[in-house]
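Okay, got some structures for you below.
Both complexes below contain chain A, partnered by chain B and then by chain C.
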Partner chain A sequence: MSAEIVTSERAAGSVLLDHAVGLHARPSVKLTQLAKTFQARIELALSEAGPWIDAKSIVKVMATKAPKDTILHFRAEGVDASLAVAALIGLVKRDFEDGR
Partner chain B sequence: MKRNVGIVIVSHSPDVARGTADMVRQMVGEKVPLAWCGGDPGGGLGTSVEAIAAAIQHAWSDKGVAILVDLGGAETNSEMAVEMLPAGRRERVVVCNAPIVEGAVMAATEASAGSSLDEVRRTAEEMRPA
Partner chain C sequence: MGVEGARRMIRIAGAPAAPGLAQGRLHRPGARRRAERRPGAPADERAALARAIASARVELEQLAARSGEGEAAGILQFQLALLEDEALTAPAFAAIDTGTAADAAWRGALDEQIADYERAEDAYFRGRAADLQDLRERVLDRLAGAADAAIPANAILAAEDLAPSKFLAIDWRGGGLVLGRGSPTSHLAILARARGIPVVVGIDAAACDGHGHALLDGYTGELVLDPDEPTRRAFAERMERDRSRQAAEAEYLARPAVTGAGERIWVTVNLGSLEELDGIDASHTDGVGLVRTEFLFQDRHGLPDEEEQFRAYRRILDWAGGRPVIVRTLDAGGDKPIPGLTRTGETNPFLGVRGVRISLRHPEVFAIQLRALARAAAHGPLRIMVPMVTVPEEMARVRWLLDEAVAGTRAAVRPPLGMMVEVPAAALAIDRFEADFYSIGSNDLIQYLAAASRDEPELAPLAKPSPALWRILKDIAEHGRRTGCEVSLCGDLAGDPAAIPALLDCGLRKLSVAPAALASVKAAIASYGRSS
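Showing the complex of A and B:
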């Protein structure tokens, strides 16, 4: 009998949101779309104390209405948790690749 | 084969329908089949079953199509257009109970991630007023 080794990992990180308009519609869509490309469960909060919301839910992400200069906290659990947190922080740092 | 659920926007006003579709394209991108229709054939406000049927055809995906509507007739005419579809397709089209603009953006975002028709509808319907 062969044993499949599944390594589940946890990761967390935070990043300053300095996009001019904060986490509004377009940045929320991009963040959610990226989060959904990972298998890990990914959560987002505006404070380490929570409340933590599902980063793959466009409705919940948009409802955070995080303004500019908020610190976004991410945490993830699953096989690609570290990659997911790094990718999401990268997206915020790159200003959501918003060419406008 | 189109891999993502398609989105159809049905408004009484062609301007509202076109504007909503523009928002979806600009915010969500090109990964979702998208079509819109609005106005009656005479150029006034209204909706037409034929135009809705054509929009469903245009946005067709084997994963299904989610329709976002504005008021009254947009919903009943959409339901009629769905009923006219051949069996096998009819079951893969839903009319979402959600506000047209917000619902369309939410549904398209969900669809762009490869989600199922049921997930797309649930996401759009999360936008319902509490």
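Showing the complex of A and C:
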């Protein structure tokens, strides 16, 4: 009968997308793969006003067709929300871990 | 008269997109049609679609595991991710619940996505529609119970277009590919060249219907349907010679280029895109003798900014691993139009505003490229080459602009600044031009010397090396030796093994060639001056 304590948290952050080509297939695949490793619901938008889309969906992420020099906004809700936002921002900052 | 003579032989001229020879039975994968499903109970249709998606996933996973890193793997990973995404599949399952058959439901869901990509402004995203179509067909094939059509080895595949995942799934041993669409610069052509599969484009695949056997020449672009016996025999002999030549040349690929007399020759590669890097081993080269930066500017909206250019140059330098990289500044115009930059409606674009003539008219665009180059030069031995230089003042102005860029970016070094020698007025007065190095662009130099366009097939006998060319090459090589200024040649001529002896005779010691020509050029160099 012990009530499980769920410490759901919210987190948000933004980062400049300066990958050479913008959110093309390769970086989008990496972004969604990383997002899926977190339990939190994670959303992505190109503007703080939204529309917010599911950052775990390659279909939705590619549909943003975000060009280079867009600011990517992330927000997350769940046990590992702040961890998730930090990790995703890190991925974009590290240029999606490839030299292209 | 044998059975072979029953059908008349037909020769069709296409455009060569990947070199090599192949002969075999014709295969038309697009020709078969699937029967439409009659919708069963929604639960059954759901299950059928789920099974088809699952087995398509397994296939893609297997393909991805085989394809390693690079371009091919990137395409497959993207398709896999799409297939795993509920946002893609949910609309199809929803349609099934309203009584639609599994195949129609899947097609409807995918077509909606495809239409969205096709509407994209950016050419890259428009291109992804092909990935979605590829995925649509794969799952529909599974639904129809068809496995990847087994294509026997030694087949010549003829299609209007071929999806990358299909291309990668085929066992190409001894085979070749004929495409209606596509170009020598398409991703498929790059994949094929890296795997040594001959490809000819620009041939209507339907023309192959009703024919059984074919000969494919990826060097000339010719397709022969139902060859007669003598033609077939002659082709088989050519294939044999080609095989032994390739085997002999392959021996030279990994070694430094050395003449038969023991003299070291520098052989670099010409690059037209970053994707090509995946297919070349840098250690087989002496660096990059020509980066055609037009690829950064074409097929896109707007011009690339400093950061994007910097990253591209940096990536090439990293790949080259300390070997020199010669980057040519934007050579737009002529046959390489760039929207918003080049002029339209010039009566004679090859004699018009192109190369450095454009760059000097758009200093704001040129400065961005020079800044990116100046910054990249901190990461490796980068050199800058200026195309279409006609008078010394052009070099002086570029040098001044480069100095500004170096100062503006606080770059530690000013990269060497060389000129491309392709205008006769410059080639014939090379001593008047101040440059850190010279690179001879033989394609344009030949057509300007002969006043004959290289795009006019009728003038091919004129637009070729002439005594005037050899004399000029000799003079430039000699000028280089006297002044200690490096001279290289980066036109198609350098990649022609038959031209190597004449080029070396002229005193040239640095050649830059298409990646596919590395082995044959090194082999030709090795047989030069060999005492018999």
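Worth a mention:
Everything that follows uses one rule, which is that the second predicted complex is superposed on the first by the 98 of 100 C-alpha atoms of A that agree within 3 Å, B and C clash if a C-alpha of one lies under 4 Å from a C-alpha of the other, contacts with A are read in each partner's own complex, and residues count from 1 in each chain.
Going forward, a residue touches a chain if its C-beta (ideal position, glycine included) is under 8 Å from a C-beta of that chain, and two chains touch if they have at least 3 such contacts.
Model, not experiment: these values are computed from the prediction.
After superposition onto chain A, the modelled positions of chain B and chain C overlap sterically.
In the superposed three-chain model, the partner touching more residues of chain A is C, compared with the other of chain B and chain C. Contacts of A:V79 after superposition on the shared chain: neither chain B nor chain C is touched.
With both structures placed on the common chain, the touch criterion links A:P67 to chain C but leaves chain B unconnected.
By the document's definition of touching, of the two partners only chain B reaches A:T37; chain C does not.
In the superposition on chain A, A:D54 makes contact with chain C only, while chain B stays out of contact range. In the three-chain model built by superposing on chain A, chain B overlaps with chain C at stretch 59-67, while the rest of 5-13, 59-67, 347-355 or 419-427 show no clash. Comparing which residues of chain A touch chain B with which touch chain C, the overlap comprises 25-26, 29, 32-33, 57-59, 62. The residues of chain C lying in touch with chain A in their complex are 74-75, 77-78, 81-82, 84-88, 113, 116, 120, 122, 124-125, 128, 131, 274, 305, 307-308, 311-312, 314-315, 318.
Residues of chain A that touch chain B in their complex: 25-26, 29, 32-33, 36-37, 56-59, 62.
For chain A in complex with chain C, the touching residues are 18, 20-21, 24-26, 28-29, 32-33, 54, 57-60, 62-63, 65, 67-69, 95, 99-100. Across the complex, chain B meets chain A through its residues 26-28, 105-106, 109-110, 112-115, 123, 126-127.
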